[in-house]
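Below: a set of structures, written as structure tokens.
Below, chain A partners chain B and then partners chain C, in two separate complexes.
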Partner chain A sequence: MTSEASTAATPVPETITGIVAAILGRDAAELTPDTDLRSVEGADSIKVLRIVAKLEQTYDIELEDDEIFGLRTIDEVVAVVGRALARDHG
Partner chain B sequence: MSAATNQHYDLDPDVFARFLDPLRKYSAGLFDSDTTTLEQAQRRKLSFVAGQLRLLGGERVLDIGCGWGALLLFLAQEYGCRTHGISPAARQHEYIAGRVAELGLGKLVTNEAVPIEAYEPQPAAFDAVTMLGSVVHMPGLNDVLAKVRRALRRGGMLYLSESCFRSEAVRRACDDRPGTEFVRHGVFGSGDLRPLSELVAGAESAGFSIRAVHDLTDDYRRTIDCWIGNLRRAGEDLPGAADLLRYLEIANAGWGYTTKHYALVCAKAR
Partner chain C sequence: MTAVLPWSGRADHHCFGCSPANPGGLRLEFTEDGDTLTAEFTLDKHFESYPGVVHGGITAVICDETMGNLIVLRQGVPALTTSMRNRYIGVVSVGRPYRCVARATFGGDLVPAEAEILDARGQLVATATATYKMQRSAL
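Here is the complex of A and B:
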């Protein structure tokens, strides 16, 4: 586990929203837990992959394919990160 | 390699000089440390390819999709190989001819602008064949690999490296995504990423013995990071820079998630 991961071992919704907003180039305040990420202006599947890569690096996790390709909302991202943390770090 | 592919590779060669290394090798390098430069990585990669082909010196090598001749010139200079390069992009061959003349390699290096479909090598004329990132532009994989096998002598070697969808399932999920379509039609004109399993199956069907598979994904990511840095430094006045940057950024977002970059080493042997 990296030092960065140990300081971010729980999936804080605000942290995740910040990561998503930064990569989509939006203000975090614009994003609500049920915002459909694909409906955000400037979002595309490439940016979703960048979000996944940043989350994996930040939390030292690996998401499964069905999780990556099924992501829709911030809520789902938080849940998926939580599941992956439980899997990868018990 | 279809004629449509030329729309990218027939761009002004000077555009590529602005972001590639001095050898103008337009494929993955091979990095061995954090301080390896792009040029060092490309030279190291060319030596790696020679090693995979078990070249000792003086062999006859066919490079299919030869780009601006980095491998042709390197193998001639470093190994005394007699190299022949083909690709359909006419401007690449003007550039290579100029380099061959400058370096005095006319006795060792030949090249011609011809698509693979129209090229028929003499049987068993080559000790080794190389295809670095070119089979992606060729629709008839089995026909191409059968032709490559005919071109090789018994015991001859094939080095084929390619970007691949990470699995058949990922191909089904991603093949019609906007990012894939932009790279395929907007940048190259044509191109089909295949999963590694399809390349291996093609090599098996053609009668090759599979000698090795190498995962070069991280090296390609780092190579493309270098190209992106060079393009940003070159500035937006460079013709086509915006599309090139978008292509390279799409490529680097996908590595490991949707795509991988593999090298396949095969022998014409039992």
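Here is the complex of A and C:
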């Protein structure tokens, strides 16, 4: 509800990278679109779910469990958010 | 500021979530702060699922209570849940303190709301989104 959804039709990779970096406790500059999130120090399944919850709040979307448990890279996260935006707000 | 619900003190107030007169209930109390309503809680084994873990259905009730009562306090009428979705991030442990914070967006009879449950360190452990329909003729 406090979302970008009302102002942006597509997810902003920089915003998503910032969310991921903040929750993983890393500098956003360390993360590239193809960084394997499972290889980032401090990453675990709980933090992935925190990222998912923050994305759902930020974009006012509902991500499906079968979409999120296979996520590996920022690029994949951006794609999943984009699909959810089209589904929930298209 | 501690919130006072419209039915506080009524003899027939036995809400599972917030009545102080329901011995089997959660007995939640709420605090208003700006646009949010907060319930701080620590649950015992009566609400347990796996050993030491609060049942996920109970955490959903707490989110529903906090969001619904925020609408009641802001609008002055009951609001019935029409849908709710929960995202579980971690466990809510028996005997540990948590807080549930709810927000809502007002504008029509259907009110979207969201809630989050945070642990003592402020870490997110659960979220909920829901829609409520205000019952303008109910009270």
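As a convention for this text, the second predicted complex is superposed on the first by the 82 of 90 C-alpha atoms of A that agree within 3 Å, B and C clash if a C-alpha of one lies under 4 Å from a C-alpha of the other, contacts with A are read in each partner's own complex, and residues count from 1 in each chain.
We adopt the following convention: a residue touches a chain if its C-beta (ideal position, glycine included) is under 8 Å from a C-beta of that chain, and two chains touch if they have at least 3 such contacts.
Not measured: the values here are computed from a predicted model.
With chain A as the common reference for superposition, the partners chain B and chain C occupy clashing space.
Looking at the shared chain after the overlay, A:F69 reaches chain B, while chain C stays out of its contact range. Using the contact criterion defined above for the overlaid structures, shared-chain residue A:I46 touches chain B and also reaches chain C. Of the two partner chains, chain C is the only one that A:Q57 touches; chain B does not reach it. Of 1-9, 55-63, 199-207 or 217-225, the segment of chain B whose C-alpha atoms clash with chain C in the superposed model is 217-225. Taken together, the two structures place residues 46, 49-50, 52-53 of chain A in contact with chain B in one case and with chain C in the other. Within the complex formed with chain C, the chain A residues making contact are 1-2, 46, 49-50, 52-54, 56-57, 62.
The touching residues of chain B, when paired with chain A in their complex, are 169-170, 173-174, 177-179, 249-250, 253-254, 257-258.
Of all residues in chain A, those touching chain B in their complex are 44-47, 49-50, 52-53, 65, 68-69.
On chain C, the positions that touch chain A within their shared complex are 85, 87-90, 103, 105, 112, 114, 116, 123-124, 127, 129.
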